[in-house]
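Each of the next two complexes has subunit A plus one other chain: subunit B in the first, subunit C in the second.
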Partner chain A sequence: MQDLKAVGKRIPKIDAVDKATGRVEYIQDIKLAGMLHGKILYSKYPHARIVNIDTSKAKQLTGVRAILTGKDIPEIKFGVYKDNRPLKTGKVRSYRDEVAAVAAIDPEIAQEALSLIKVTYEALPGIFDPEAAMKEDAPLVHEEHKTNILKMPWKLHYGDVETAKKETAYMVENRFSTTWVTHCCLGTSGAIAQFDNTNNLTIYTNTQIPSLAQKDFLSALKAMGLRDKRVRVIKPCIGGGFGSKLDTYAYEYLSILLAFHTRKPVKIVFGREEEFFATSTRQPTIMDVAQGCDKNGKLLFRDISMVLDNGAYTSWGATTPSVMMMPITSLYRVPNVRYEAMCVYTNNTYSQAMRGYGNPQATFAIESSMDMLAETSGFDPMELRRINANQAGDVSPQDFQITTCGLDQCIDEVEKRLGKKTPKEKGVGVGFASLIHVGGGARVYKSDGCGTIIKMDDYGKINLFTGATDMGQGADNMVAQIVAEELGLDVADVHVIHSDTDVCPWDVGAHASRTTFVAGNSALGAAKKIKARIFDMASKQLEAPPEILVMANRMVMVKEDPKKRLEIGKLLRKFHFSTNGEMLMAEYFYDPENENLGRDFKGNTSMTYTFGTHGARVKVDEETGKVQILKYVAAHDIGRAINPILLEGQVYGGVMMGIGYALTEQIIHEKGEIMNPNFRDYKILTIKDVVPIEAPVFETFDKDGPYGAKGIGEPGCVPTAPAIANAIYDAIGVRIKDLPITPERVLTAIKAKKKLES
Partner chain B sequence: MKQFAYLVPRSLDEAISFHEAHGDRAKYVAGGTDVLVKIKEGKILPDYLISLKHILGQDRPLLNQETGELYIGSFVTHRMIEKSAIVRIHYPILHDAIRNIGSVQIRNVATIGGNLVNAVPSADGAIPLITLDATANIQGPKGERSVDLARFFLGPGLCDLERSEILIEIVVPPLLLRTGSAYIKFGRREAMELPMLGVGVLLSLGESSVTCVKARICLGVAAPTPIRALEAEAFLVGKPIDGGTLEKAGKIAAKESRVRDSIRGVAWYRREMVGVLVKRMGLKCMERIKKLAQ
Partner chain C sequence: MGKMISFALNGNKMAVEVKDHWTLLHLLREELGLLGTKEGCGSGECGACTVIVDGMAVNSCLFPGLEIAEKDVVTIEGLTSPDGTLHPLQKSFVENGGIQCGYCTPGMIMSAKALLDESPNATEEEIKHSLAGNICRCTGYVQIIDSIKSISEGGVEEVHVVAWKNKEKDE
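So, the complex of A and B:
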């Protein structure tokens, strides 16, 4: 193996000290001269006709600068289905519907103005259950859409499931469900919009997609009659993304509209309660799963249908079935697969992307079902998984090309660390679940690319402009470490500038665990161009051909004769301060050779896939139904760990998020109203709930990854819930098929089992 | 958030006179972890906050060696109680409860008196103190008075305090020999949690170390106020204590509880858990008595 100096090193997050000492600027900290504060009035009903909005009293309040209602704004449509508008006209379809927006000289006045706006509603019958919403006579959420079922046909059938069902020796068929959970970003949402004198827009906003947000805002300007304008998106430091910022939202458009009307910068920042009820959740699902295997344990088919609660509007979240297809068709070798999913409008909050993008829901159903199939067929659960494990060189039914695959190793390692099942202590059990996820980008958009610009100064230091969005996950470290490695510099020599669309090149966004792979390769490409140029320059000075030169310790030198060397800064200065001087700059745009899914949903969506196996040892209190996790092991094949501490951080954080998903977290809805919009009653786990986690990694050195790396942003929370559900079954013989696995559900299942046995 | 004036009296008398001067426009505040949240949420809108935390002599729980009474000043922070060796060794039930309130940051500023006068059904501070037969000392414009803490709570958010009165001190009477006590906060996570149920049990045994001579069972979130499970207590007195009797006592206590459905927990589950947890806390009391004897 190469002797690496920066890649693979445990280098603390570049901005860790600034964050710990409060020096970084979040959206909450940013103040612009003359800035006004915006607030949003939300609906009082889950479904109602807006009869009248009276803003006359609010307008008279001193300090109020603008009040907008749906009638005052142009037709700006947003969301993947273009069914949402910044302010609603005609009717409201959920409690989080924006009815009016106010800009005032301070937030308190804006808030007071909201209380003076009189909205008259005529309540309409609501629909809150997606299955009921599919019925013919159900109230329509969007009348013009004619049905509550979204016209997005998520449907595939590879092989022949019906024939396979006839040939199968063992088969299981079950229904699973998952509910709403939310990202719980510590930094709440916010945006500041500002127009210059010629109506070019600058917007500071918490986003994971600066370049796509720019495009959305340009369309909004167009709808406002502002053609051919510029939009600059600046992303301040974000306190957590987890997929919540993969779309543009009403509040961003409202800050733009209010700024346009007042000619002042307008800031909208969410409070915590607002963050809970007015941002989007993970999709609740109802999942019917059938799987079967032959007498040797080989999977013959998988047959899955799902209903997803879309909520009242459509965000990218409605496309999560496209990612659910990945585990459904390609987690383990399964030749015959059928899948159908329907996203259904309801008067609930609308769902969005959230870490895993559908994969946690689908994997919960598949991997719970795998254990049930193991029991039915008499195979050991891990043996059944080994028999069917993906292998390098496989092409899955969805045409995914598995280039590297450490699934076998992960299964073995987790089993080794958690021990064999027997002898058993009462109430204690172990359970496992595996995962597949995109690890080499994901072509969901026309481009899956990312650009990098490197600019070197006279002292051998680098300004690196990347399209990548750091949101705490460590994109900044990752690119710095890769570039430092390639150019023989210290990581501290690389200053990373990210997320300002005026300065940084295009990137499709921080999603799909793609940043390390795509932005890493992009940075590497730019560094290679710089390196070639430096070798070129040094070659003349050292009188040696470029092929025998290397860069290390801020020097360029002859590999076999390190005494023949030049300090990089010196070399750069020499070329800068000479006749026809030049400075060293390079740009590189990397767009992986992955494929968009076709009409049949086939296509190698990612250059490589990340695999992993999780396992939990749990103890179930049979009197209270409480589940305690004694030990958790999360093994992943990550290609190469660019930075092991950040990698472990991703896995630990993912696992804790997954445990919350499995056991405690849920947004409680009552007829569309969120009953627990606060950290007191939304049970995200705390530092004191952290369980012992081991995170072994397997480096399979993917040929396409930067230094062999694959993505690891999402996998940590993907197979957590099924691993725990399987462990609970192993411990006490009850199968919980609905998330979260609350003590009440466990105790109810225990009682039902006892009743059945007696 | 509404603006207010912040008043800093140096004595209880001064605090009371401030309150009398401003009446309903004023609100006492100590740690502020409840009061400020309520102001932020617009639930109360005082023009004056009268701070009690600068009043001296309220820095730690004190044991009166002669009488055996434990005195806890109302403005003592939870963290001080948690760190008190006297409390940890002799009043483990209080330690059980206090160390699991909120987070370290909250316990550093929140006071025990604040926890009590806030009078929420889930108050973790109240249950162990009622279980210990504590008395509340109150000072007001008309002078001082005492009230049994078990009678202090009148309803959710309501306690036995007249206008301008201040809860100044909690007094815990001496413990009988061979006494064990324990509290469990039953929730869904380990910190920043309101209990789904709070259960405090105290048992004192006779000379034989078998028969119960005194029993206290106090339940939080099982009714609009903290309640004692009197029938279950009466059932235990005079009986030899073992798993069987405690299980029966738990079942009686479960029947006495007036639990209800809420987003934090359903009634059937809470009721059932009263039974399980009373038994478990009873067993823990027995363990602690044994440990004391050694």
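So, the complex of A and C:
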């Protein structure tokens, strides 16, 4: 084992001191000279024709600087399907539809102006159930689309499921469902747009996709008639991401449009209620799952069809079936797979990316079904999983190449820590579920790349400009630790700048748990270039060939004769302040050799895959239906822990988010209206809900990962719900197939079971 | 309508005209420019805006500005010594992974401070009880509890700013 000084160390998050002292600036904290405040008027109906908008009274209010309606703005289209506009014309399709926007000298005046805008609507029949929306006579959300079913053909069939069904010894077939949940970032959404005199745009915005957002905003400028302009995206400190900032949104375009109309910087920041009803959710699903195995427990087939509630517009939520394909085809060895998913327009809120990107929904269905199959076939649930566990060297039916795989170890470890299914206390049970997730990037866009620029000063200190986005997860530490390790520096010598498209290179975005792998490799590549140059320089000074040099303790030295050494700063100054002087800079763009999915959805989408197994011991109160988690174990194969303390933070945070998904959290819709837009009624978990979590990790040292690392941002919340559902079944013999598993649902299931038994 | 009131802010005596409808959060952030205190919900649900008034942790988004007259107000900006030395709780949050996105952090630390000032050896149960009004979405609270417990269980070493030197912990 290499003796590492920075990688693998529990080094506190670089910006933690500034955060602990209240010094960092979130979008809420940024004020620009002359800045106006924008507010948005939302629809009063889930589906209605806009007959008239009267802004005359609002315009007369002192302090109002601009009021825009759909008629005042150019045709800016956004969203994956380009079916959304910053302000709606003609009709509204959900309660969160933006109808007008105001800029005023302070937020209170802007708010008052909204109340003075008179909108006349003509209500239309709404459609809120995706299955009903698929029927031919259903009201159309987008008439021009002709149907409510999105024309995205999520359909694959590998092997021969029908034949496998005939050969199967045991088979289970069930329907599962999941509902809306939302990110609940503590820092709400917001943006400030500002134009210079020649209409170049600077936008401060909470985004996980600075480079793609820049592209979206450039298109908006084009639609506004502003061609050949520059867009600079500046990310303030981000108060939580979890996928919520993976798209561009109406409020960002409205800050741009209002800034353009007023010639002043315009800030729009969401309040908490607005954050609940006007940002996008995880997509709800209805999932029909069939699985079968032979008499030896080998999985023969998996057959899944799904309906997803897309809501009224299309963001990345509609593409989550592409990620659901991953566990469906590749969690455990399963030779015959069929999957079909339909995303359906409704007049509900529209969904987006959220941590796990479809994987938590699919894994809930698959892993619940695995336990049901275990029971039907008579296999121990863990044994059934062991029989079918993925192994290094496997190529899955979707052509995923499993390079390293610690699934066996994870299964064993969780079972060891929770104990086998044994006769037990009344109402207590254990349950397990595993996961596969992309851990080595994910080529979902034309490029899966990330750039890094390293600039060294005369004293051996580094400014590192990365395309990566830190939203609290620790991307900044990860690159700093890798570069410090490579160059023998202290982590504190590496200053990471990740916030500005004017200075930082391109990156596809903070998604798919890709940052450690991709941005880490990018930083490593740049550091290697710097190192080669330093060895070159030092080689002359030390009269030793570069091959025998090493860097450590801010020195470059001869490996076998460490007394022959140079302080890096000294060396750099020597080369800087000489004839034909030179300063050290390096850039590196890393784009992994992973593949886009083909038309048949095959392709090695990631360079490596992260595996894990979770297990829960629960106690169910059969009188109240309340589920208590006594112990939770989340074991992961993470390749290499670059920073264990941050890694554990990702797992703990993911698990708690997963427990919320399993047991309490839901956005309650009633005919398209969100009935619980606050933390209390949404039932976000508090510190009182913390359960004992153990997070063992297995390092499999992936050959392509930076120092062997794989991604771990999302896995923590992927198999949580099925592990808990399986534990509940083990405890009291009722199977809950719909999330969240509320006490009401548990009680109803207990009653149904008793009725059946009597 | 406004009223001139006196109070102590992070140990400094102040006299400020405060309007009737201002919350303490508004006074701190918008009028006095202390941006360390955050607004997470504006309705007393999330605790991001927690500050300490006369030793009590309060949600400054609900607390009337006028009510601080003749009282002591401590905000996150008041915890760090003028020489930059962190308060032991700040240091502990930094070192124990209690901070990810950081938006809840000032409120978390202020709630924890109010608790430990009152009850320096607070148990895990007391910590959970006192911080039940502070929401965090990133950490799952586990390392926040660790951060506070490492102080309440007497784990405070000497307080200095850059305290980490690749400190290893047992797995």
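Assume the second predicted complex is superposed on the first by the 758 of 758 C-alpha atoms of A that agree within 3 Å, B and C clash if a C-alpha of one lies under 4 Å from a C-alpha of the other, contacts with A are read in each partner's own complex, and residues count from 1 in each chain.
Criterion: contacts are C-beta pairs under 8 Å (C-beta built on N, C-alpha and C of every residue); 3 or more make two chains touch, one makes a residue touch a chain.
Everything quoted here is computed from the prediction, not taken from an experiment.
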* Give one of first, second, both or neither to describe whether A:Gly187 is in contact with subunit B, with subunit C, with both, or with none. => second
* To do: Look at A:Gln391 in the shared chain and tell me whether it touches subunit B only, subunit C only, both, or neither; answer first, second, both or neither.
  => neither
* To do: Identify the partner contact of A:Ser56: answer first if only subunit B is touched, second if only subunit C is, both if each is, neither if none is.
  => neither
* Asked: Which partner, once the models are overlaid, touches more of subunit A's residues, subunit C or subunit B?
  -> C
* Asked: Of the two partner chains, subunit B (first) and subunit C (second), which one does A:Lys683 touch, if any: first, second, both, or neither?
  -> first
* Taking the superposition as given, does A:Thr624 touch the first partner, subunit B, the second, subunit C, both, or neither? -> first
* **Which of subunit B and subunit C A:Ile668 touches, first, second, both or neither** => first
* To do: Check the residue A:Glu744 against both partner chains and state whether it touches subunit B (first), subunit C (second), both, or neither.
  => first
* Structure fact -> Intersected contact list for subunit A, partners subunit B and subunit C 679-680, 686-688
* **Complex interface listing, subunit A residues touching subunit C** => 5-6, 9-13, 15-26, 28-29, 183-188, 237-242, 271-272, 471-474, 492, 644-646, 648-649, 652-657, 678-680, 684, 686-688, 690, 693
* Structure fact -> In their shared complex, subunit B is touched by residues of subunit A numbered 108, 623-624, 664, 668, 675-676, 679-681, 683, 685-689, 742-744, 747
* If you look only at subunit B, which of its residues touch subunit A in the complex? -> 1, 103, 186, 188-192, 194, 263-266, 269, 272-273, 276
* Structure fact -> Within their complex, subunit C touches subunit A through residues 34-43, 45-46, 48, 75-77, 79-80, 86, 90-91, 93-97, 99-106, 109, 127-129, 131-145, 161-162, 164, 166-169, 171
